[in-house]
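Please go over the structures that come below.
Next come two complexes built around chain A: one with chain B, the other with chain C.
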Partner chain A sequence: MLAQFIYRLRRSPIIPALILATLVLSAIFAPWVAPYPPVKVDLANAMLPPFFQSGGSTAHLLGTDKVGRDILSRVIYGGRVSLLLAGYVLLIGGTLGTVLGLVSGYMRGKADAIIQRGVEAILSLPTIMVALVFVFVLGQSFISVVLILCPFIAARFARMVRGDALHIRNMGYVALARVAGASHTRIIFRHILPNVAGTLIVIATLEVGALILVESSLSFLGVGVPPPTPAWGLMVSDGREYLASKYWLTLFPGLAIVATVLAVNWLGDWLRDILDPKRQFL
Partner chain B sequence: MVGYIVGRMAQAVLSILVITSIVFMLVRLTGDPADVLVPDYAPPAVQERIRQQLGLDRPLYEQYARYIGGLLTLDLGTSFSGRPVIDVLLEHLPATLSLALASLVVALGLAVPLGILSAMYQGSWIDTVARAIALLGQSIPAFWLAMMLILIFGVGLMWLPVAHRSGLSSYILPAIAMGWAPVAGIVRLTRSSMLEVMDSDYIRMAHAKGLPNRVIYIKHALRNAMIPVLTFGGLVLGGFLNGSVVVENVFAWPGVGTMVLDGVTLRDFPIVQGCVIMVATFFIIINLLVDLLYVALDPRIRYG
Partner chain C sequence: MPENVSRAIGSPPPQEQLLLDVRDLKTHIFLRSGVVKAVDGVSFTVGKGESVGLVGESGSGKTMTCLSVIRLMSVPTARIVGGETWFDGQNLMKKTAAEMREYRGRRIAMIMQDALASLNPTLTVGDQVGEPLRYHDRSMPKPSRIKRVLDVMRAVRIAKPDERLNEFPHQFSGGMRQRIVAAMGLSTQPGLIIADEPTTALDVTIQAQFLKLMRDLQRENGMAVLWVTHDLGIVAQICDRVNVMYAGRIVESGTVRRLFKQPLHPYTMGLMASVPVLGAKRKRLHQIKGHPPDLLKLPPGCAFYDRCPERMDVCRQSYPPQVSDGSGGHVNCWARTTPSAPALGQA
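And now, the complex of A and B:
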């Protein structure tokens, strides 16, 4: 009975899909869903505990921070920051990496050698260390975090897509297209790109989780999205000095990160099993 | 074989050179470090003297040439506090390296048995638990896990110290916080590697000889299945050096991560430069050793 239930759960992504849908919808409709504006200061109601504890009230379900900002509202708006950032990085870095990977795998030769050396160089850099330095160059802002993370994502996409492209370029239909006189550009985008789509979806999903973790780590270190933007990592960091007495300042934003990343990774695992049965975990 | 090793080493040296150059340029783009050291109201002459002392008035290429020359003799420059960077680094390095090793012990100690069990009992509840742990491991940010560990074991139960490096017990929480993340990858790798080995002829032979399962798993399968896991362990160690910034920050650990973060805040660029180069170099050298170890461990792999 239980085993069957677990088996079913593993084969359908209902739970992560629900978590993710809730997050995305509440992030999009944050102004309507969140009970308060995320930066609204209310010193009279500072440091209220969550509603289930004595002293807490249902007016602030998850409590308030040191200047009386509503934790729940900030967690909801924090989803916007994380998801938007991951979206931008995937769009820019992912596109760049895909094109580089396609060219690298299809053209081979010199172009491949140059691109791959570049990819290796980027992948051998310690991400957080480099990001620390970059943020200081570009200044602390949403856009600089996006720009720092793009090359790393591009490198990962390029490596994965290249592997697929190398394999696909030897397929009969690619040879036929070449015989039929199709240009390299046409072959790359019409014949190879659609066939790496599965890989792209899987990497994109799995990378969203990694991106949110890195972004929140940077925010936590104080070099990510600048305050008073309600970023989850920043909220956890704000709660540090009150950890012993006001646990809710760190607990809830942290749970939001875990729930989001867990849902995305779960979905990614599921997608990988479906789209690429050879790499299955179970 | 010799050709492979030489080529691989040349590649590593090139990577290190590229990284040192990138870091050099980046750090200099962050603004004039003299502005941070000297208050605005200081007379221009004082500002000028400090620039001269630090060599910041020289042309960029001259600063670079001196810098690379220095690197070759392990001279990483002088911190703005007046101490040689290499001294500061050597002072902070043991804390970071020992924590990284402790984290590796935690990660392998947790992941390898779990991976073996889930390979031995495919499809059972152990397998499900292993997968759940793998998913969780990838999803919890180290800084938050660290704080929750502090909250539970430090503040709540008062079992373990929550900050600074003192005795062995001070290693436990930071090592768990850092070692948790790669558990997922190691479990997966151990499991798939075990399954692959279990499927080979010599294991079938061992079964045919009538050896007990325990002997087959531990003596025959495990040894060969561990090769990819060991090499992955090397990469994980490199990852710990990178991730040390976050965990060291939470536990006020006196390591290289804390040092680089302080360097960034104070705009002490010789420090930042030295740290990032050191971490990147370690990372590259570990990668190199892992590749060479792989060749040494598995006689079937030969590079021409």
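And now, the complex of A and C:
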């Protein structure tokens, strides 16, 4: 029974789609959805518990933190930071990685060797450690976090896309295009790129989850997006010292991270299955 | 090795009618284990509007020859090491990479083996038929390109081309896909089409339709076709002249009539004998004994020596000279060097 239920959930991912839709929409419309501005300090109402606990009020549904900022509003605004960051990194790093991967897989030879050695070098670096070092060098800001994460994402994209390109370059239509006088650029973008689109969508969704985790980790370590910008990792970090008594400071931003990463990965799995030509349902 | 192999002439078209003239073409593949002489001194001609066959078994260098003509290599370590290819009075070996791209697809089009693999699943059929036009004439406005695409689709007998334009390859049957691939080749109105085993993926009835279509198109447009195949049936149906390739060399060439009536090379004879004849009472088909030679270790003499029923000592020592067949063709065989040789008059 349970297995069947899970199977049905996997086939049409309503739950992750709903979670993500809620997150994205509330992040976009945060100023209208959130009950308070995320940085509004209200010392009189500091450390309020969530509404379902004694002492909590419906004015602050998920309680407040040590300076009285509304947790719910901060979680909503924090989604903005996480999603925006993931979006920028995927856009910049993903594009770069895709182009490198296409060139690498299609051209082979020297270009391939050089690009792939670079990719291996990046993939062998521990993301968090490198990010720590670079934030200290570049200074703590949203942009520097984006810039640091781009090469890592680019490397992952380059590796995956190269694999696909290696396969597609041997297809008959690529040979035919060459024989018909197409230039390399034209073949790469006209014939190979559309055929790796499925892979791109899948890696992108899977990487969104990873990116949000890394961003949260960086914020937790104090080198992410600088305070007082609401970021989930930062909120978890702030609430850590009160973990024993004031659990809501960490629980709700933590839940937001878990829900987002889970939903995105779930959706990614589903997309991978749907877009896999070998697993087509008749 | 005799030096007079430089020119293969089979009922040769007069000089001014020549479209493609391949002279002593050599393409070698350089491997760690040695040099594979995939194309080793191939010469043949194709006249304007003519149908010429290039026949040989797998690995005899047919496809490599064709790709060498348009100077594309399927293997990175392959290189053209000698010879000339003249197309319409121009030496293609002297062209720059950019000039060469202008020839590919625009003046010399190629149709490849597997039609399903030759079409990109992510592009509509209309887009793909128009692709060669876009490679070669970027200034062509979209409406006139679409008009041309519709014209060639109509030419290859695709019904309702204006509706099917926006469909994807998987919505077409195998025979139609092959015709779409042909339409791609035709779209630029090339002077020469190289058809590399275009019918191997098709069943016999569709194959016959496709051959008829190509013959009709050839008559309408006056283009020349080089048919690359291992299927003697196709050659008999549509070619004017044939070149038989074995181990990277052309061993016999001549008109289809002469070749089928009176094959001269023992290898050609073997090929003819292994074609099933309708109604013939024969239990087993003829089989040429042995295997094609290892291209890495070609003997100094005739490459067919090991399998040849008429072999002589001299065959092993030096490559046979070119002997005229008396009607513009030739054969490279020691057994035919003397006019009184027994097999020359034999059907």
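Here is the rule we use: the second predicted complex is superposed on the first by the 271 of 282 C-alpha atoms of A that agree within 3 Å, B and C clash if a C-alpha of one lies under 4 Å from a C-alpha of the other, contacts with A are read in each partner's own complex, and residues count from 1 in each chain.
One rule holds for everything that comes next: a residue touches a chain if its C-beta (ideal position, glycine included) is under 8 Å from a C-beta of that chain, and two chains touch if they have at least 3 such contacts.
Since the model is a prediction, treat every value here as computed from it, not as a measurement.
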{"item": "Fit-or-clash call for chain B and chain C when the two complexes are aligned on chain A", "value": "fit"}
{"item": "Greater residue coverage of chain A in the superposed arrangement, chain B or chain C", "value": "B"}
{"item": "Partner chain in contact with A:R108 - chain B first, chain C second, else both or neither", "value": "second"}
{"item": "Touched partner set for A:G181, first chain B, second chain C, both or neither", "value": "second"}
{"item": "Which of chain B and chain C A:H191 touches, first, second, both or neither", "value": "second"}
{"item": "Partner chain in contact with A:K40 - chain B first, chain C second, else both or neither", "value": "neither"}
{"item": "Which of chain B and chain C A:H167 touches, first, second, both or neither", "value": "neither"}
{"item": "Geometry of the superposed three-chain model: angle at chain A (Cα centres of chain B and chain C, steps of 10 degrees)", "value": "90"}
{"item": "Nearest-approach distance, in Å, of chain C Cα atoms to those of chain B in the combined model", "value": "14"}
{"item": "Intersection of chain A interface sets (partners chain B, chain C)", "value": "none"}
{"item": "Contact set on chain A toward chain B in their complex", "value": "3, 6, 10, 120-121, 124-130, 132-134, 136-137, 209, 213, 216-217, 220-221, 223, 233, 236-237, 239-240, 243-244, 247, 250-251, 254, 257-258, 261-262, 265-266, 269, 281-282"}
{"item": "Chain C-facing residues of chain A, complex", "value": "108-109, 171-173, 175-183, 186, 190-191, 194-195, 197"}
{"item": "Touching residues (chain side chain C, partner chain A) in the complex", "value": "67, 70, 72, 74, 76, 101-106, 109-110, 112-114, 116-123, 128, 131-132, 135-136, 181, 184-185, 188"}
{"item": "Interfacial residue positions of chain B with respect to chain A in the complex", "value": "15, 18-19, 22-23, 26-27, 29-30, 122-123, 125, 127-128, 131, 134-136, 138-144, 147-148, 150-151, 155, 188, 191, 238, 241-243, 245-246, 249-250, 260-261, 264, 267, 272, 275-276, 279-280, 283-284, 287"}
